[in-house]
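In this document, chain identifiers A, B, C and D correspond to the written order of the chains, with residue numbering beginning at 1 in each.
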Amino acid sequence: MIRVAINGYGTIGKRVADAVAAQPDMKVVGVSKTRPSHEAYVAKQRGYPLYIADLAKKGDFERAGIPVAGDVEDMLKAADIVVDATPGGVGKKNRALYEKHGVKAIWQGGEDHEVAGFSFNSDCNFPDAVNRSFTRVVSCNTTGLCRIIKAMDREFGVKNVRAVMVRRGGDPGDIKRGPIDAVVLNPVTIPSHHGPDVQTVLPHVNIVTLAMIVPVTMMHMHVVQMDLEKTPTREQVIQIIERHPRMGLVRKSTGITSTAELKEYAMDLGRARSDLWENGIFEESVSVIGNELYLFQAIHQEADVVVENIDAIRAMTGTVTDAAKSIEMTNKALGFTPI
Amino acid sequence: MIRVAINGYGTIGKRVADAVAAQPDMKVVGVSKTRPSHEAYVAKQRGYPLYIADLAKKGDFERAGIPVAGDVEDMLKAADIVVDATPGGVGKKNRALYEKHGVKAIWQGGEDHEVAGFSFNSDCNFPDAVNRSFTRVVSCNTTGLCRIIKAMDREFGVKNVRAVMVRRGGDPGDIKRGPIDAVVLNPVTIPSHHGPDVQTVLPHVNIVTLAMIVPVTMMHMHVVQMDLEKTPTREQVIQIIERHPRMGLVRKSTGITSTAELKEYAMDLGRARSDLWENGIFEESVSVIGNELYLFQAIHQEADVVVENIDAIRAMTGTVTDAAKSIEMTNKALGFTPI
Amino acid sequence: MIRVAINGYGTIGKRVADAVAAQPDMKVVGVSKTRPSHEAYVAKQRGYPLYIADLAKKGDFERAGIPVAGDVEDMLKAADIVVDATPGGVGKKNRALYEKHGVKAIWQGGEDHEVAGFSFNSDCNFPDAVNRSFTRVVSCNTTGLCRIIKAMDREFGVKNVRAVMVRRGGDPGDIKRGPIDAVVLNPVTIPSHHGPDVQTVLPHVNIVTLAMIVPVTMMHMHVVQMDLEKTPTREQVIQIIERHPRMGLVRKSTGITSTAELKEYAMDLGRARSDLWENGIFEESVSVIGNELYLFQAIHQEADVVVENIDAIRAMTGTVTDAAKSIEMTNKALGFTPI
Amino acid sequence: MIRVAINGYGTIGKRVADAVAAQPDMKVVGVSKTRPSHEAYVAKQRGYPLYIADLAKKGDFERAGIPVAGDVEDMLKAADIVVDATPGGVGKKNRALYEKHGVKAIWQGGEDHEVAGFSFNSDCNFPDAVNRSFTRVVSCNTTGLCRIIKAMDREFGVKNVRAVMVRRGGDPGDIKRGPIDAVVLNPVTIPSHHGPDVQTVLPHVNIVTLAMIVPVTMMHMHVVQMDLEKTPTREQVIQIIERHPRMGLVRKSTGITSTAELKEYAMDLGRARSDLWENGIFEESVSVIGNELYLFQAIHQEADVVVENIDAIRAMTGTVTDAAKSIEMTNKALGFTPI
């Protein structure tokens, strides 16, 4: 059993913890919080040992009825590997601590590539992660782009990618962030940073990305356009998507035309936290015009990187060295129901 | 086993179906749809026989890979009782059909009281529903108001109720309804119809209600103020809420201050569809000023009536005649985790 | 003085009426409403004679204190030209009436090209509108696309256009339409109808468009990408935009990064109804990558077609036959302040 | 001519500046900004001398084409009175500066009562402001409450007030603040701070207030309920509202049922910045039930305090000592069109 600690039990951390707990070859040795909050009660309900950043606050937790197992260093001592799911920019500061305790570490896409020196996506570079000490799982948007680009590149050769990302303003439980009634260019400059981020995983891809933020909480929507070397039929593209373990085809017959309906469908299917771990690619949108492929894909910002973290754990601990095998194990344990 | 049909497999119907399926004394004999849609795939995944309104559309369903068990009349023949969860105003037209087939029927709050001649709330008038043929479960807002009013009236005597309801514009999966950026008075006139609707269940309550619609999808928020006969302490009120099987206390220590965070908490607790079946009453808001009680309560519009439908089924079929016993059975089967 | 009637005094009609009234060579002979509403009071305040669709409703208007000048046919008798600003799809039915009264007519982009057999944009085909009886001013989005495409094509030659449109769900005063929390593909299929609509004005342009709807009320945002024959410098593109009478450059030094801030700026500048009649092109976004031009442009859906209607009136009545002259007159009368 | 400086040229400051400029007895001697931004361009367009907090940033402004007149101290030297419209909490720190320069000062409701030791509302305590050095104009919500409470108290005697405020999340041009999809209790505790704030103006009023934040940008909506000494007729209440110079009746015949439509109406009437300076009270909502009065009122958060600032300037400078006279002057200069 791989002993996994999760440092930061928030939007991503709580999902990674449950995904780890669901795997046959891993166990959660602890999760960490800085303050008592509803997530601390959830950790208690799940039976995850709760560690805190500052032991001086132990009393606050205990008064709220939440037992404290120790501090973050105590947690690291019990772990083979730590998933750092602290807020963007904070994770970097933890590297020295992980090195001190000789624990392997995974960071999220909110950190720069340099934090680990290696950026990961299960489909693209799993073998390069085998036995590594430090890895960064790229962001939700970059993960979604890497999956579709790699899948098309493998079969048809991708010359150029142009992607427009319409991003959610805040997660569903986030009540501070806006906008309320605006389309915000983020950034105004073109291209956005997402293209270079894709290149940390797929260095040879020629890509221009643009991004906007809109007042929604559920999923990002990507317009992806690629110039291909070989011209596929629409049916060939759809078939690749259908067979891909991390892409789901949103079929025309479901009547789904939006992020909200897709989230409702994931909920109705009984997915944990209504999560969509795979790219949600709209069947009707898949279009081949000349040698150009166009499609819309929905990316669940809270979920798609969770499964990548699980695969990264296996690769880094060297327990599974074949990407396809790890992906299959991860998906099966989570109960991937086809959408 | 009580054989239950669900006519209308949408927001409420799909939840009632799963709640029925979870009970030890009931089974789902069928659900109905008018068109293929994502919910039809969900019915298939759950194994619920799917009946359709118009057999001429059978081909549309079958082409989408969804088997059809028959038409709505076929479904009624297999049922002891039908839960009508068709859109508001449609249910009324189905009464003749239910009478023809001699099947008991439950309507939702979108229909008028007259459709059944009896309006139901588990806490308030369960005994009056025993062995009835027709019952209307009151709307989500009325259900939430009835629960808190009855609980306080029982202990302290309620002289007057004033309630302001801030309502969601559309459900999460509804992409047509607004508003996008407005507070809409609905209605502009005071009082709103909700007060008289409470009186269909609690005829002697003196109540004035007002309602607004705002651009949110998750939960209604109620401000409830009551003039009481006896002056309770704040602690007494909180204790009643804590012990009530259909009210939940949103504790200060969770840090939750909004509908969005409360929904996230219900999700994290693993509730099916992140549903909050009970009134979510904010601990910090409970205030006694003179002989007046004030509080905020969140009402999950998709969920709170689901459990009332289950209790109504037991009462109407005469299989359980004690409210407390049915409520306990319902809650246990659904895995009510305390919030 | 050109005598102008406005049939339909809503979002577009009320703006066209005020724009007509501001021109030195035109006057408003009447506006029409079907029901009393706040706009009827506004017409009265402005002193526009109010005509109604159905004289049987005259009493409703008069009881609300709003005088009625007659019915729509009476209004047409007083006019040289009518601007049809009725809801999309309704305008088409009015054609027979306009023919009967021998009045020239302008429709909006909610109608099909066939309603008039000619689709108009001031920059692109003003000369073709001279002395025409019937003209359709293309929609707000098509207008915005035509302006930028034509301006670039004139200088650099446009080989291909790819445009992604992020559209507002409803206008600010519209409380019915959503979505509240979703990105809606509209349509899911690629390409959207906007490309062919551009081709009604610019038939030789090779264009693929995609569209989404998001929960905002203020402005659409376009991502425009063009493959050009000649490669311009970024500065050349910016200079063309700066000098264009219907394009405005949103300068970096304003700090504006969103539709909301741009609308606020138009408001602060004292624009009537805070309207942005020109394309709002973000200076920082203008990028030349190889032979490809990228930029973001904001399109105020309520405003940009208003000035096109004014120019169309001049062309169709033959009173001004030079596009540049009409555009200058229109802009000057409205007090175009540079943004 | 009263020489007025405006320290802080943002949402409130820019409106106060234009309102001052419109008065026959006042002039704007300067406005201040900390950074170049779109508002700095607006100040330049208006011809207001622009002063900056830190002269070291003069180059930033000048490079953006905006002339700088000096620093804030220079501005104060030219003024009889300063309106402090800096962000909440900042104004307090400026008091020493105002004292140093011997300039009278007005703060906004974002500051505590103690900053000035006197809280102002034109209808309630204008005479007490005459010749004062320091005054605080209460917040938009408190201003709206004071107006309606005072008007009713004068005629009927107000025993108790209960008010529920549904507040906008951010102003229209604010792209940072949320929530996007939540009703946020702000605060969760009851009563909110607004009641005590009303008491800074009307010390003897017995009032309980509650507040929520929702994802809208246009206006707050208040539910106001009062227990009255004398029972009025509904018509008497409506007549008082109609005749009140700072309250407007939103008539049933306009069809307006929401904040969005009311804002649209103010825009269509040609109001500067579509501002609603008066309480927008919904005619149909005015209800007398027993001795209780209920009504809905919309409060434009950006606008209603602007006119109060103008009146405060006259009172404090002793140039007008009669409230009614100042209110009439202010309204007339702004072109209050009845709604």
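The rule is short, and it goes like this: contacts are C-beta pairs under 8 Å (C-beta built on N, C-alpha and C of every residue); 3 or more make two chains touch, one makes a residue touch a chain.
All values reported here derive from a predicted model rather than from experimental measurement.
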A-C or C-D, whichever has more C-beta pairs in contact: A-C
Identity of the chain that, by mean CA position, is farthest from chain C: B
Chain centre separation (chain B, chain C; CA means) in Å: 46
Separation of mean Cα positions, chain C and chain A [Å, integer]: 42
CA centroid of chain C to CA centroid of chain D, Å: 35
Multi-partner residues of chain B (each touching 2 or more other chains): 172, 174-175, 179-182, 184, 215-218, 257-258, 260-261
Sites on chain C touched by chain D in the complex: 14, 35-39, 41-42, 45, 63-65, 172-175, 180-181, 217-218, 253-258, 260-261, 263-265, 267-270, 272-274, 337
Chain C residues within the chain B interface of the complex: 169-170, 172, 174-182, 184, 215-217
Sites on chain A touched by chain C in the complex: 162, 164, 166, 179, 181-191, 208, 210, 212, 214-219, 221, 223, 225, 252, 257-261, 282, 284-285, 287, 289, 292, 294-296, 298
